[in-house]
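In what comes next, chain A is part of two complexes: it sits with chain B in the first one and with chain C in the second one.
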Partner chain A sequence: MAEQKTVRFIIERQDGPDAKPYTQEFDVPYRPGLNVVAALMEIQKNPVTVDGKKVAPVVWECNCLEKVCGACMMVINGKARQACCSLVDKLDQPIHLAPARTFPVIRDLLIDRSVMFESLKRIQGWVEVDGTWEVKDAPIQNPYTAQTAYEISHCMTCGCCLEACPNVGPQSDFIGPAPTVQAYLFNLHPLGKFDAPKRLNALMEKGGITSCGNSQNCVEVCPKKIKLTTYLAQLNRDVNKQALKNIFNH
Partner chain B sequence: MFHTTFYLRRLHSLVGLLILGGVIFEHIFTNSMAIGGAAALNGALAMMELIPHPIFLAIEVCAIAVPLLFHGIYGVYIALQAKNNPRQYGFCRNWQFALQRWTAWYLVVFLIWHIGYLRIFTKGITGTPISYELLHNLFTSSPITTVLYILGMFAAIFHFCNGITTFCMTWGIAKGPRVQKVIACLSTLLCIVMCLITLVFMGSYFVM
Partner chain C sequence: MAKKPEKKIIVVGGGLSGLMATLKICEAGSKVDLFSYCPVKRSHSLCAQGGINACMDTKGEHDSIYEHFDDTVYGGDFLADQLAVKGMVEAAPKLIKMFDRMGVPFTRTAEGVLDLRNFGGQKNKRTVFAGSTTGQQLLYALDEQVRRWEVKGGVKKYEFWEFIKIIRNKQGVCRGIVAQNMNSNEIVSFPADAVILATGGPGQVYGRCTASTICNGSAVSAVYQQGAELGNPEFLQIHPTAIPGTDKNRLMSEACRGEGGRIWVWRKNPETGEKERWYFLEDMYPAYGNLVPRDVASRAIYKVVVHMGLGMHNPNRVYLDLSHIPADYLERKLGGILEMYGDFMGEDPRKVPMEIFPSIHYSMGGIWVDRMHHTNIPGLLASGECDYQYHGANRLGANSLLSATYSGTVSGPEALRVACSSEAGDALTQEEMEKARKECVDEFDKIRNMNGSVNAHQLHHKLGDVMYKYVSVERDNNGLKQCMVELNEILKEWNDIGVTDHGTWANQEAMFVRQLRNMIIYAMAITKSALLRDESRGAHAKIVLDTDYPDMDPELKERIEKKVGKFHFDPETHRAMDEKGDLVFMERDDKKFMRTTIVSFNQETEQPEVSYREFEHSLIKPRLRNYAVAKKE
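For the complex of A and B:
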């Protein structure tokens, strides 16, 4: 029988949040259609390095396995992307895996992305429905902006854009493209637009949209192909108008 | 709620494009007179001397020194917030993003030398007027100085022209990818033209 074809993985590992990173290499049996998540599952089943040393299985996060949830975002061959839709056949080998270090690393490839949730809270990434008013039928969406809203609503807060953005990281307080652009989604909403000035004012604060440096990496790496730079420019327009209102309306 | 960061950033953008961009154009315009020889450049410099001294000094302080210090110091703060990654993400705009910061670092050092030596030391302290002969001597006596000056001009021109592209994004003027590309192409063209003019007037010192 012909020898089993294998795929070499070079994985950047880390035992805990403050532990020193190190690399380990694994050979995974090749099969057609193999993706990075499936390969990591193989490693989990048989966590033996190429030197034949049995080690602790590699820790990572995944959920939907169809590029919808965003959980399996990691740095694959130097680029931030989803592991579930990264086909081995389309990647240069050996395949390098590393955690997205823009976020705090919990262990191995597992990262803590809760900072994005905090940012969504900052920009009021929701629609206010509870109040003293009567809740009637849902308002109709503007048919001219519904396509745009649908597109932005695809954002799965995977964090690819934050990982690729040179202005996001411990050296900066930028909340990143994904949470920023979500403000535009909720400003488009027929009820959410009532709070548009609130969101725009939040974006004008330190770490908001002004921290964008126009490197445009976000739009290049977005796995959902959201036109982030277009909406960032739109939000820039909107915050400028808001600033004029802030100055001249009082 | 007063958004200090927002206004500082927008001011930084405006000052860079309108005021410091004007300073670059003035420099290219005046210095390109060197192509016409000593008489032409000295004539242009004499024209500027016609402006009464106190007014000229006020212009220098308000339209160059203060904007430049603000743009430079706040710019260093901005540059420190970036972790340049063009080798990892080698997209064209990401290279331009990194170059915008690298040219900025070069310009900080270059401008301290350029202004410190020519404006403050030579013109201010020793009282020697800037003339074709002085510049001719400065450049022809030291090829390193010439190279550093050409690099300084190239850095300033790139920083300015890339600044036009990002200005249009930052102010929400150019929203979609098509118009952003058109503006990027036009500013690249402007960058090339300004660099060529610089090469010609710097080269003219060595021809004549």
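For the complex of A and C:
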């Protein structure tokens, strides 16, 4: 009988936030269509390394497995991406998995991305509706503008773009491409645009859009193919215009 | 002026329903502690694709709220509380306007108003949508508004905290919860004036399904074991079009068919003998065609694939075909999910037909609630997929985003009303909170030191296999009895689990073992109620066995005979089959089973106990469902 084909995974592990990283290797039975999350699930079912050592199963975060929730972002063969849609057939083997170290590591591949949600507060990423009660009909919207909004609204706060951005890290306080571009989204909305100056002013502050170095890495890795650099450029113009307005109005 | 008393409500779950309830409570001036396993922005509501139903009537079809009401009740095979459904469909258009103001990027017509699409079980265009990621867009809108309240101090989020159980005061009122930080594994008791559970569906009980890995029904099972009644848990929706996978079955939206997609298999033409594409749904159900409700479509696919052997060789699949529709139209209306199919299957559905098969998708049943979303435990409310309301025996597509949102608009204000009334009783004492916390700590310590020989994830896989085998599209009483036996064995096996991670830092394995026990116990509630409901209704289709037949009501026997003609019992399977070789199913039995199944947990035997409860169905008189012909009112 032919031997069962397996896939070798080399996984960077870490027992806690301050613990020293180490690697472990696992062989996972191959099957067509196998993706990285499915492989990690196989390891859960049989957490034994290639040396035959029984270990604690690898810890990571995942929810939807359909590339919409953003939870399972990790560094796979050196590139930040969603594990669920990373098919083994399309990856070089052995497959290297590591946590996205732009963010604090909690354990193994599990990271703390709360900073991204905090940044969404800073850019005031919402429409200031009066309440959830009935007010009146919502305004009609230009369908082409709505189409652009739809594209940006796919951002699932996964953090790939922050991991890839050379300006996000301890050397800078740049909030990163994803939260910055969300400001553009709310400025497009017929009600949201009333507060556009507030968002633009927030982006003028430290860690805002001036920290973007235009390296274009973000747009390369965005799993939702959002034209991040295009919107960053447009925001940059809007922020400059707002800065001039601020000067002449005061 | 006297200040309104500020109350604290605990909301468990940050999907559409939990977030909607949270907003309502904040707007009324009270505070929310919001608990979720994951950042609320990653909740499972975002997996909904096709849209949300609301009678907007902007397509010149004279759609009406009554029509939406009737479609929902008829689609649910007359098992939904009609007054509850009426409230929901009346509120629907207002909720859409709210979402629109909040910035949901709905798909629009050329003149900028909300576009509508067709959906299953409805003849009029009534489904508002944002491409094929409607759930994601609706969830984000509420997530943004809740973040705004977080900044204002109305909401405190506890993300990566797992709900373990409720705490009741001396009067038996739910006044708090015990939860565990999933990173530090610290276990803490939290007091509140009332508690809302909005923890979603139990899909993971079946292992591979369209649900997220977080949809395990564990919280529902936990409160069920603490005395909350379940309603109609035997009614699980099997979605006809999913992409089967070994890690999960990925949903392929009903919107594909709403936008003109067709389901077919190859067959030999019965007259000419030539190979042809058989569009079997269009053939079997001329009035609704590919847009029959999900239970009907899934049964038809089973018939064609499992019993007629017309699926694609091995494995079993049928085609869902969009390749005849212009690519730019598909891109605009269905872009997101077509990309997903490409990502996971490596083929372009704009060019070749997709290969799909039915999968467990949604639970119509859940925690029993009244129309104000109270469970039978005072102070504990439930809303969203985790409750049993609105969908009866089968949910119509695009009604789930609606019921999730709408139920939050009910449960939020109602929790606050209870909190402000004398019904809330006394606050928890320190001793009560500490006792509950200690119990959970002891349980967790016991679990993380389990040293048996069974792997929890393998046991979970086995649970899913057993449930798919016996409690799926077609059920029979022998299978269901056997299922109860096997579930009891799995529950015993649970005691023999061994964990490899004995630590107390982000110990996902131990947390999973705790969830798994809850899943097994929930599975028993599903199975027992399916066993005792001797009829076919909506998603619950039961095959007639030779042992069932003698005791059947003569009127039902007559209905079966009239429908299928002569039939016999297969000597091996004991199942009734007609002369064409088709299975014979039980008929709907309104006399006996037009009642809500109520399941309570027996603490001593650890077994489910089933009873039945009347519900409100006086507005629309029950009639038999038949999607081969246009609906008659």
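Keep this in mind: the second predicted complex is superposed on the first by the 246 of 250 C-alpha atoms of A that agree within 3 Å, B and C clash if a C-alpha of one lies under 4 Å from a C-alpha of the other, contacts with A are read in each partner's own complex, and residues count from 1 in each chain.
In this section, a contact is a pair of C-beta atoms (placed from the backbone, for glycine too) under 8 Å apart; a residue touches a chain by one contact, two chains touch by 3 or more.
These numbers were taken from a predicted model, which means no experiment stands behind them.
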Comparison of chain B and chain C by chain A residues contacted: C
Touching partner for A:Lys121 - first (chain B), second (chain C), both, neither: second
Partner chain(s) touched by A:Val50 [first = chain B, second = chain C, both, neither]: neither
First, second, both or neither for A:Gly131, with chain B first and chain C second: second
Chain B versus chain C as contact partner of A:Leu244, first or second or both or neither: neither
Contacts of A:Val221 with chain B and chain C, given as first, second, both or neither: first
Partner chain in contact with A:Ile140 - chain B first, chain C second, else both or neither: second
First, second, both or neither for A:Leu65, with chain B first and chain C second: second
Chain B versus chain C as contact partner of A:His189, first or second or both or neither: second
Chain B versus chain C as contact partner of A:Gln171, first or second or both or neither: first
Interface residues of chain A shared between complexes with chain B and chain C: none
Chain C partner contacts - residues on chain A that touch it in the complex: 15-16, 31, 33-35, 37-38, 41, 44-47, 54-57, 59, 61-71, 84-85, 87, 89, 106-107, 110, 113-114, 117, 120-121, 125-129, 131-138, 140-143, 146-147, 149-150, 153-154, 156-157, 185-186, 189, 191-192
Chain C to chain A touching residues, read off their complex: 20, 23-24, 27, 38-39, 41-44, 46-47, 94, 97-98, 100-103, 105-113, 130-131, 133, 136-137, 140, 144-145, 147-148, 150-151, 159, 183, 212-214, 245-248, 250-251, 332, 336, 340, 343-346, 409, 455, 457-458, 461, 500-501, 503, 505-506, 508-509
Chain B-facing residues of chain A, complex: 78-79, 164, 166-167, 169, 171-174, 201, 204-208, 210-217, 219-221, 227, 229-230, 232-240, 243, 246
Sites on chain B touched by chain A in the complex: 1, 3-7, 9-10, 78, 80-85, 88-89, 91, 93-94, 97-98, 100, 165-166, 169-172, 174-177, 180
